[in-house]
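Common to both upcoming complexes is chain A, partnered first by chain B, then by chain C.
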Partner chain A sequence: MDYSSFIYLKEELSLIAVIVILLLYDIFGSKKSLTYFQPVACLLLVGHILLTCCPAPAVLAIFGDTPAVDQASAGVYPLFSGMYNLYPLGSIVKSILAVGTLLVLLQARGWLESENTVIRRGEFYVITLFTLLGMYFMIAAGNFLLFYIGLELASIPMATLIAFDKFRHKSAEAGAKYILTAVFASGLSLYGISLVYGTTGTLYFADIPAGVTGSPLQIMAFIFFFVGLAFKLSLVPFHQWTPDVYEGAPTPVTAYLSVISKGAAAFVLMAILCKVFGNLIEQWQAILFWVTIATITLANLFALRQQNLKRFFAYSSISQAGYIMLGVISGSALGVTSLIYYVLVYMFSNLAAFGVISIIERRSGKVTIDDYNGLYSTNPRLSVVMMIALFSLAGIPPFAGFFSKFFVFAAAVAEEYYWLVFIALLNTVISLYYYLRVVKAMFINKNETAIAGFRSDAYTRLSLVICCAGILLLGILSVVYGSIHHYSLGW
Partner chain B sequence: MNFLSLFVLIPVLMMGGLFLAKNLKQIRLVATAGASLLLALAVGLVVAYLGERAAGNHEEMLFAAKCLWYAPLNIYYAVGVDGISVAMLLLSAIIVFTGVFASWKMEFLEKEFFLWFCLLATGVFGFFISLDLFTMFMYYEIALIPMYLLIGVWGSGRKEYSAMKLTLMLMAGSALLLLGILGIYFLSGESSMNLLELAKAHIPTQAQYWIFPLVFVGFGVLGALFPFHTWSPDGHASAPTAVSMLHAGVLMKLGGYGCFRVAIYLMPEAANHLAWIFIILTGISVIYGAYSAIVQTDLKYINAYSSVSHCGLVLFAILMLNQTAMNGAILQMLSHGLMTALFFALIGMIYGRTHTRDIRELGGLMKIMPFLGVCYVIAGLASLGLPGLSGFVAEMTVFVGAFQHTDTFHRVFTILACTSIVITAVYILRVVGKILYGPVTDKHYLALTDANWYERTSTVVLILAIAGIGLAPLWLSDMINGSLLPIIQHVKL
Partner chain C sequence: MEYTFIIVLLPFLSFLFLGLAGKKLAPRVAGYVGTAVLAISAALSYLAAWQYFTTAKVGGVFKPWSMDFRWLNFTKDLHIDLGMLIDPIAVMMLVVITTVSLMVHLYSIGYMHGERGFQRYYAFLSLFTFSMLGLVVATNIFQMYIFWELVGVSSYLLIGFYYTKPEAVAASKKAFIVTRFADLGFLVGILLLSFYTGTFSFERLTSGDASLFNEAGGVTFMGCSVIGWALALIFIGGAGKSAMFPLHVWLPDAMEGPTPVSALIHAATMVVAGVYLVARLFPVYYLEAPDVLVLIAIVGAVTSLYAAVVACVQTDIKRVLAFSTISQIGFMMVGLGVSGLEGHEGLGYMASMFHLFTHAMFKALLFLGAGAIIHAVHSNEMGHMGGLRKYLPVTRFTFLIACLAIAGIPPFSGFFSKDEILAATFHFSPLLGAVMSFTAGLTAFYMFRLYYRIFWNKETRHDHAPHEAPRSMTIPLVFLAFVTLVAGPIPFGKFVTSDRAEYLIHLDWTVAGASVAIALVAIALATLLYRKESAIPDRLATSFKGLYTAAYKRFYLDELYLFVTKKIIFNGISRPIAWFDRHVVDGTMNGFATLSQRVSCAIRGFQSGQVQQYVMVILLGTLFITVLVLFI
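Moving on, here comes the complex of A and B:
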């Protein structure tokens, strides 16, 4: 085995280093020094993000050698004889996910300081980062085994996060629901993978396409595999767990689930569909076509009547996953660019919304839309942040959501999915209705007993400022989209 | 950056200024200064434009500039104006200016009101200067969303219902539009969003047949095309004064302008073949709007239905696809924009005093507030097409143009549309007679005051513009005609 390959795993290794440092710090730190735990954790993560953002060749140049580049698939450096793939697009997605995780951790601070959770604070950070590590492996995997390990690492610790408020009945219940569905889903995936191995005789992504002939068994293998990831992405009809889990989980965990976990799954799904099952493109496009329509439409219809904001955002995030699928279904370089950009924008928008929900839930214990009546008169800033987030999710310019929606639509239309885009567009109107319901509650409805005004903590404020800056600037600064596109050309 | 971008930049800067403003006085200062600057800029643009044309510049779009925005999709931020957009920009600047004065006295949340108002203005101005379909669509949507909050928060009556209805219907329109734009982008084979480049490229005729209805209906929703006009009466009736003015005066013109600039210009074949469907629909708009206005009792509803009728006439004239009628359409947009803004401003002023808009409860206002009364009569006369005011010039041109078609179908619909003039006279004179003359219905009205200085500013500017177009229409119609030529050549098969 060539140990020198390890230096190319800069993202994973630095994340493991962060995890180990935090674990040791949490165990051996004195009570006094532990008060600095959160700032230290956040700073370490920032360092990790900076390292991840650095383009791979720049880091590699420090070590003086670069691995052989496979010219056919531009920009991909296969490592460990193809088990692990280093490619710029993957690094971009990893850094996006890491930024999102940092924002979630910033928002989680207040909640972690509360009485029940303060002693388990360290665990929260470590477990969250472990799931992130799992996603890194899913993204970088060049072999179904590594992919599967990543998938499990990303889902099993997640259940403990969901059940983190273990004394709260709903949280514990949500944790149980999640672990059952997640294990079931990954079991299905694993079965699909075993069928792939059975028909092609290999688990390496690079070798499988040669063996994929489109036989019925392979199509079945694909479907089983797809169902596993569809559970994670909560595509209809595999979405049933989502509302209950989102409602029961602690709000920062809900935010993490709805954005980071979903974003990673979406990208990995697209990568595997195109790279591994590229020969089955006609079959999977036909499947995705109906799944996408069902996901967007049904989720929107269910979201219309939700009162609890966390359930509301559960359905909203299901339908957003449907829009992400528009990028997947196109299967083109434009599609993957739009998908990553969509995930990035969606991350900022959704985290802004969850930041507001989270802080309001903590300060007042209120989570229904009616509770938000008259919020603008007492908490104008939070209302404006929420409004910006909602408008961005609804795809209203000048917020970034408009651009990201436009690009996924463009990617799908480029592949002549006119009807699909038409249905998705009509759904944006429905979604605008329910997003406006919240805006209406905050700005228009009058309420004598509106949630009292309060000052949010510095960490939440910082995260909300970052999110708003992202929402406002990402669309106008085309350079972000341009650079993602630059790296996706070899797709 | 050329100076056209100032039209977008100034409202954005105004928003910044408003954000920092501390009290009502500063808010008014920022709003007035910005609006005046915009008006001055628009007048300057007209002068500069006429100067360039007189100097023999025959480019289709003047002052054009572009810079690459999204390279992967070949999207540019491209600006440029021809005579038509110059006219629309002038109209928008006048309405924004008078709108600021009409909302001089706000009861609550002044800062937020003006912030949204400026965002609306940004969208409107941006739309008219854009040459790139992407930015055009973006500005179009920017203009839609502030409406929701402006009506929902500051409106009256069933404001929440109206605001939601308006927003959702217009968004549905823009959804159709977006699909149409993407279709144009990918099927034209140009991979470009630039209007001028797309006009040179030929979109396959087969594709035109489905894109044209999408785009026309998409913009038509905003132009109150029957049967998608139902948002308009509710929306206008619930909106606060300045928003009604801007919405009926300018925003609805986005629809007409878009139909003309995108649907007809880029898809001439489909326009020629499918025009008949939309002529029927717009014909219904014209007649139906006018008849509905007769039976309404709420002043704002009367004016809103009258807008449906007049905006229907704009689309009707555009679909005639000849130079005279299209020229009339543009003039009608200007004329309707100005006079409907004047109407809504006056209704707002009357409502602010009497607290009712029901014509059955109003009467004899001419004696109490002669200034407002006279202004109302002038607006009414402009609306029913009295020579010397803008309405006459516009409608005359439209019908002359429409009559150039000699076949029975066009003749019948032209004659039907012509009858709307008579119906307009009925509802206008009915209202004028009922609320301005006759006995005073309520003793409390006797104590009411006439217009203040800011209300006078707002109305006088609008009346001057209306009379200006009515008395000296030639420079304007020449400016528009010059710019119509390349479009007409394109549309003639």
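Moving on, here comes the complex of A and C:
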């Protein structure tokens, strides 16, 4: 056992350190010092993000260490005999997820300070960061066991987050629904993994491809495995839990579920499809083809009729996951670049929207589209933020959402999925309709009793400013896409 | 030279500031901010010009300086960059634009005083200046296209500044649509050119590297090479912006905008964008498509003559100036069209750029002078003027200087530049030279007709005596008049030439003498007819009634356009398309929408809220997919 390898785990180790510090702080901190809990937690997370963004070789250089690993294999450093993979794209995705988590935590602050939740604020941070840690392990896993541990670490605490408002009936119900379906899906997934082990005799990602011959049992194994991640991504037909859970969960948790959890699952799915099941590419492309079409179309059709904004965004996020699948299905370097870029842009857009929903829900208790009538006259800035977010989600230039859609379409077209892209394009028209419904409500519909104007707290405002900056700049600054592309070339 | 970036950036910041915070500022402050920012930009441009022309010469040739950053990748070779290209013509344009823009900013403080939307006006002026500067420093044709469109938009906004006036709104729409129509040609040209050469970069295109065009070598379309088509299409874009016949129809109407805007956009800067574009790509035109250059020369000459004839009979002083602008840009195009590339052959190019420079100054002066006159008498019509020389001494003298310059009387700047163009044209073809000389004579005639009818002739009764404009307006007039006086003897050939090497100007005395004589005769004629009130002009108008009316109506070109668009295109093409759109396309879309709504309604029950059912669906879905993949 080479203990020096632990240095390479800087992302996970620093996150664990943050969690431990916060846990101790929450338990032993005096009541007075705990008033600073959230700023301290956010600052710690910022420190963690900085460390994550810092490329591994640079960190290594500080310790005067040369990588004791095989550099030949396209930027992937297998560690701990291949149990853990270190690679630049993974670090990029991890830092994106960490930034998203930070934004969610900023938005959650006001809610956590409310009477019912203030004593459990420490728990919220620790549990959220544990799920993030689970996603890190999923991303970095080089073995199905570690992957499965990551998957569970990212799911089980999530159920407690969803049921965080446990005195609210809907929240508790959503938590129960989530854990039941999640357990079922991961059970199927585990069954698939066991079949993989049965047919190939190994759980290491690096060794499996040699044993994958495409026998029916292996195909079945793959499909069962796929269900676990498809559930997280809420692809049709594994999506039905989504609207109920999104509606019932506290809004910051919904935001977290819809963006961070999904982004991680999408990237991991693509990584495993390409690296582990590369030999089954024909089968999984065929599956994804139909699943993608069903996901985008059905989700859009459901979204058309939603009145509750949180349910509305549940369906919207299902259809967005469908668009992300366009990047996955191509299975190319272009696909993975466009996927990561899509997740990044989607994160800023969706979190901007959820930030607005969250603050409005807290101040007025209102969450339906009709309640937003005339919002522009009372809260012009929030309305504009919401509008920018919706335009970006709908893919209207010059907002970043346009570019991210463009790139996933380009990736799919490069693999000659013309019909798929055509159907996806038709669906963007439908999605434009329902996104514009909200914009129309805010800007055009008249309302005598519009939600009263208010000033949101500094944390929410900071997060919204970051999101808007992301939406406005990401599309224009080509360097972002370019640098992701640079690292994905070894894909 | 990195600091040149700031020249472009400053007006943009000023636009953002005035556009976002303008409403909170006092109008006066907005004006001062805009003017101050432009003053810094202008100072930096002068510094850049001085530094470039003193240091950039390597082996007798000015070396271009550029910086680039990659913005969008299309393919491995083809990418869009944004950057700065500093070479002699770009530096010259920087100086011209910032100078005229600064003068206009300053002038507008007085002229636009008390107008509604004063801050908005300054924000738009800054936006325009930014776009124009971005256009001239573009490193590649795509960047130029982006700024080209931005220029179009800001011109649209400024022409329609008085948006409560229906004529202004119509004029802004007309300008936008006509130029946009031409830009379509430009875009197709860009796509063709870049498709075959694999690059957008000006430096690569104009490097004289023939291998770039190898791929397009054998490709022809309707008897012309593809590169020729591409360049001709690009020229159409330029012709639209530069108001070349027959795409000039928008410019006279654009005079509905505030007069300083006309001075800035429709006299000195934007309308020469087309000339600049051809000059930018000149080596490509010369080496790859000399036929297109001849076409450019002919279009320029026709435009020039046509506009000069029309200018002789217009009565709105701004329209006279508008047609005069069109005519002068025609001169520049002719200069480029007849030019060669190397050494002494490049006379036309050098002269054209020189004329661009001098024309920008004296035409801006004329427009600003016209603004001062309009400011004094509150009318654009010559009939409401006359005898103003007593009331507006500064305006009168500066106006006279500009008239002499445009008429080509030495030692004013216009003489030198126009004379070089005439010399180059005679060298190319005596026939074309004769046409251009005649046009130059017409120019002298209509300018002095304008001058006499404003400042001499019969004095009109005014309700209150006209008064000279305030200081902020007269300073720009005096400054521009000064430039017009001294710019002539500038050894322009030292700085801006077709091959970037030095060119020694020596006057062709036969051409110069002849053209001065023609100009003097024309001025004498104008003096005879218009200095005192006389009946001869009316008698002439009656005896040549057909010609007079035709010219007054601009040879019915606008009517022709209206006929073609309204009668033929709207009825014959648009209506059937509209029907198709309403019934077939919308019908499909409505059907699609209804279907979506219905399906959406029908599948609602699917989402029951029961977790057992959800799990069931997951299981069945998994098995279904498995069966599907394994057995089909």
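The rule is simple: the second predicted complex is superposed on the first by the 485 of 491 C-alpha atoms of A that agree within 3 Å, B and C clash if a C-alpha of one lies under 4 Å from a C-alpha of the other, contacts with A are read in each partner's own complex, and residues count from 1 in each chain.
The criterion applied here is as follows: a residue touches a chain if its C-beta (ideal position, glycine included) is under 8 Å from a C-beta of that chain, and two chains touch if they have at least 3 such contacts.
Just so we're clear, the structure is a prediction, and the values are computed from it rather than from any experiment.
*Asks:* Classify the contacts of A:Gly453 with the two partner chains as first (chain B alone), second (chain C alone), both, or neither.
*Replies:* Neither: A:Gly453 stays clear of chain B and chain C.
*Asks:* Counting only touches as set out at the top, which of chain B and chain C does A:Ile444 meet: first, second, both, neither?
*Replies:* A:Ile444: touches chain B, not chain C.
*Asks:* State whether A:Ala410 touches chain B only (first), chain C only (second), both chains, or neither.
*Replies:* A:Ala410 sits against chain B, while chain C stays out of touch.
*Asks:* Would you check which partner chain A:Ser478 touches, where first means chain B only, second means chain C only, and both and neither mean what they say?
*Replies:* A:Ser478 contacts both chain B and chain C.
*Asks:* Thinking of the overlay built on chain A, is A:Phe402 touched by chain B (first), by chain C (second), by both, or by neither?
*Replies:* In the superposed model, A:Phe402 contacts chain B only, not chain C.
*Asks:* Report for A:Leu334: first if it touches chain B alone, second if chain C alone, otherwise both or neither.
*Replies:* first
*Asks:* Would you check which partner chain A:Ile219 touches, where first means chain B only, second means chain C only, and both and neither mean what they say?
*Replies:* The answer is second: A:Ile219 touches chain C but not chain B.
*Asks:* Counting contacts the way the document defines them, which residues of chain A are shared by the two interfaces, the one with chain B and the one with chain C?
*Replies:* In chain A, positions 433, 478, 482 sit in both the chain B and chain C interfaces.
*Asks:* Name, in rising order, each residue of chain A that touches chain B in their complex.
*Replies:* 334, 337, 391, 396-398, 402, 406-407, 409-410, 413-414, 418, 421-422, 425-426, 428-429, 432-433, 436, 439-440, 443-444, 478, 481-482, 485
*Asks:* Residues of chain C touching chain A in their complex?
*Replies:* Residues 70-73, 593, 596-597, 599-601, 603-604, 606-607, 609, 611, 613-615, 617-622, 624-626, 629-630.
*Asks:* Would you mind writing out the residues of chain A in touch with chain C in their complex?
*Replies:* It comes out as residues 176-177, 180-181, 184-185, 188, 216, 219-220, 223-224, 227, 231, 237-238, 240-241, 243-244, 283, 286-287, 291, 298, 300-302, 304-305, 430, 433, 478, 482.
*Asks:* If we count contacts the way the header does, which residues on chain B are in touch with chain A in the complex?
*Replies:* 69-73, 75, 134, 138-139, 141-142, 145, 148-149, 152-153, 159-160, 163-164, 167-168, 171-172, 175-176, 178-179, 182-183, 185-186
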